[in-house]
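Alright, structures below, take your time with them.
The two complexes that follow have subunit A in common; it is paired with subunit B in the first and with subunit C in the second.
What follows is the complex of A and B.
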């Protein structure tokens, strides 16, 4: 019982420390994490306004103007909750030899970074709630259902865990690579393009959508948006598929970690 | 003339050392090429997918907008190759005090700050972006004048983008953690990747007159597509001159503000 309490205390303390680190430079956090999502939404709003204003009553693959903006507003919320985490420190810890500390501490590497991730998620959840309230106040979310919000958040937490395991994977590849930011950027470009964050997947060629269904990408944006909108039930097969991807990535991460540790030279020690 | 020769000589050494560094990490070198190509592909494919469902965006049809995107990819490519790496190093140099050594060098500090690191892997993608630009240029049947002016217009656009980014980056001198400024800089770049007519009139005015990011691509491409819009080129040149003056003023203020963390 004592051991379990001590363990919970370590998690809580690490979450608190990460929270302090994240909020220490607030302008920096805003510019790095929230700003890009807001600008992305601003561009999409203007682009679709321009497209729909050229022809009244235009419907594109089942989306009228209001539905398209609705989709992209939820995309903004999803990007804040599920897609904001970046594994900056992970790779740096490995490259600079800082993981040596974790090897002797009673709180290991993945626990520390998972606690940091939870802290980041708590902050992002708070920010996303303010965002939803603001978007609701300007009339974009007219049919906001409480249950859809709850389901959407639960679904997004699952998606964020999948994103975390993916980011963790790119981070621990630092055992072999000098720079992992390139992999992270490739992953971000692929995720933005293939997840439905830029365009609803209905606008993509049907053959591509069929292929994408076998990848984790649509679950990063398209499905969470549809759950928030109440168009897809959270009790469909989607959560199971996400869990499948989380377990797969976690197993790969475990394998990479065990292989990487054999190569680790503790630089700077 | 001697001064120019000296700077070219220094720049040659910058390229040479950047190439040597890049060659030490060959896998990274290859990954960077793929990263750029995937970005180019996703930019073009996004527009193409939209045009599968609409016939025009604003006054432009698919080929015209694809030409605009290709033009911006050429500007982006120059940016990626010549200056993009330096911004990330600048925020670190200011924080750690390594900026001291840059100020002490007998060349202009702007030159050694922003032109020191060259991403040599991006040279390999030159044919990809210029291939796209030439392809869509042929699709919209550019006239001889446009073909002749095209490389100069890409250079002019790149100059404005670079000056604006230098100005934005200078704000790092006033911040404890300057990394976020790099993300702000990238957001302005994102705004410029779409033609000016998609924005509402108020934001269009703001991003043309106050922070002229919309002139980067829209001004030259409007002129190429319709030569009667030559006034756009005047705006572009004015924006470059004004940005240069602002940069010089802000840069001097920033150097006075610099506290040298290492000292």
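What follows is the complex of A and C.
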């Protein structure tokens, strides 16, 4: 009991520290994390409003203008909580040889970075709540339901864990790659297109959507949006597929880490 | 305490021909070279001492430190530290050691040092009372009490080094590895750090392994010296014996008011090295004649200034690094 308490306080303290690291550079944090989501939203807003203004009463694959904006407003919220985490700190730690410290402290590298992720997630949850309240106040979300919000958040947390394991993978590839940000950019672009963050998946050919359902991508945007807006239930096959990917990524990460450690501890980097 | 047996670490690297074509070629064909950073290393360090690990750049000091702390795994041979094998990286082992690297910060850059300390308090499971007392005491001694809540990135190198030291001592480690703790510091800061280490060692009776290129550090702190040349142990023993490695002579230099005439043969027996047109001379005087010869020179000649070397081990180190064969000839 004592040891598990001590362990919990290690995690709690690390989460606190990461929190103050995240908020140490407020402008930086805004520019890196919240800024892009907002910019992305306004670009989409302008794009869709010019498309819909070309013809009054236009309906695209079941979406009228206000439904389309509704979809993208939720997409903004989801991008904050499901897929905001980036692993550049982690890659930096490896590249600068800072993992030596984690080999000496009685707290491991993955524990430290998972705690950082939890901290990030807490902050993002807070920010997303303000965002939801704001969007509600300007009248874009008309039918907010309490249960849908709870389900939406739970669903997003699960998705964020999957995104974290995937980001972690790009981060620890720093054992072999000089720069890993290029991987993250590729991943980000693929995610933007295949997750439904730009176009709702109804606009894609149905065979493609069927294939995508087995990949991690639609769970990053499309599914959480639908859960938040109460259009689909979270109790479907979706969480199982997400869990499958989390376990898969975690196993791959373990393998990459052990290979990387061999390299690191053999070469001393 | 610390024992190694036939310890060896070799690194593999590949040769790359210069230029673009060389880069292309190295993609499919690589000539590997294996270099032993440390080889045949036997060591036995008893408890409670401060041991200086000396050697020129690239001799293998840091490689040894990294093996001792479990950061890198030996190619072959054994290490036993406090009954643990470092490369197993057991948490119980990690709680007994500390590593300070002068060239690499271990504190978190974006937060005040105190936040890092609090984190380490949890990691090492130190009680609050214990922790408060230690921080209070150490920050007082090092004169950094006012700086505990300032972001680490805003501290000067000397201040940061003090914080690094504090961070490494919070858990009262049994063995402390200090890898160039005074590098890049000004003379006063170096002395502060030295005094602190000395004081800490006296009170806590821990074992300290120190590397430094500043012989003042070594002279002041270490009771034992281990010299590494090209990855091999070249000397292992007391610091007094090390100083006498080049013989039992003292170097004394004299400056005179007027040049000494070429006909004066008095100095010849002490292998003189003349300078400044025979206005200055450096003599090698046998230890037991030091008093008599010096007083004779001072009374018989118009001496303006004279001194004997302050750091004999610096001279020994320099000579050994340049002529490593001296040691092998000895054996």
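Here is the rule we go by: the second predicted complex is superposed on the first by the 264 of 269 C-alpha atoms of A that agree within 3 Å, B and C clash if a C-alpha of one lies under 4 Å from a C-alpha of the other, contacts with A are read in each partner's own complex, and residues count from 1 in each chain.
As a working rule, a contact is a pair of C-beta atoms (placed from the backbone, for glycine too) under 8 Å apart; a residue touches a chain by one contact, two chains touch by 3 or more.
Treat the numbers as computed from the prediction; the structure is a model and nothing was measured.
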{"item": "Fit-or-clash call for subunit B and subunit C when the two complexes are aligned on subunit A", "value": "fit"}
{"item": "Touched partner set for A:265, first subunit B, second subunit C, both or neither", "value": "second"}
{"item": "Which of subunit B and subunit C A:61 touches, first, second, both or neither", "value": "first"}
{"item": "Which of subunit B and subunit C A:13 touches, first, second, both or neither", "value": "second"}
{"item": "Touching partner for A:105 - first (subunit B), second (subunit C), both, neither", "value": "second"}
{"item": "Touching partner for A:97 - first (subunit B), second (subunit C), both, neither", "value": "second"}
{"item": "Subunit B versus subunit C as contact partner of A:25, first or second or both or neither", "value": "both"}
{"item": "First, second, both or neither for A:203, with subunit B first and subunit C second", "value": "first"}
{"item": "Comparison of subunit B and subunit C by subunit A residues contacted", "value": "B"}
{"item": "Superposition-derived angle with apex at the Cα centre of subunit A and sides reaching subunit B and subunit C, degrees in steps of 10", "value": "80"}
{"item": "After fitting on chain A: smallest Cα gap, subunit B-subunit C, Å", "value": "6"}
{"item": "Residues on subunit A lying within both footprints (that of subunit B and that of subunit C)", "value": "25"}
{"item": "Footprint of subunit A on subunit C - complex, ascending", "value": "11-12, 63, 66, 69-73, 87, 89, 91, 94-95, 97-99, 101, 104, 106, 108, 110-111, 115-116, 118-125, 151"}
{"item": "In the complex, subunit A residues that touch subunit B", "value": "25, 27-32, 35-36, 39-40, 42-43, 46-47, 49-51, 54, 58, 60-61, 177-179, 182-183, 185-186, 189-190, 192-193, 198-199, 203-205"}
{"item": "Complex contact set, residues of subunit A against subunit C", "value": "6, 9-10, 12-14, 17, 20-21, 24-25, 97-98, 100-101, 103-107, 264-268"}
{"item": "Subunit A contact footprint on subunit B (complex, rising order)", "value": "25, 27-28, 31-32, 34-35, 38-39, 42, 45-46, 49-50, 52-54, 56-58, 175-181, 183-184, 186-187, 190-191, 194, 197-200, 203"}
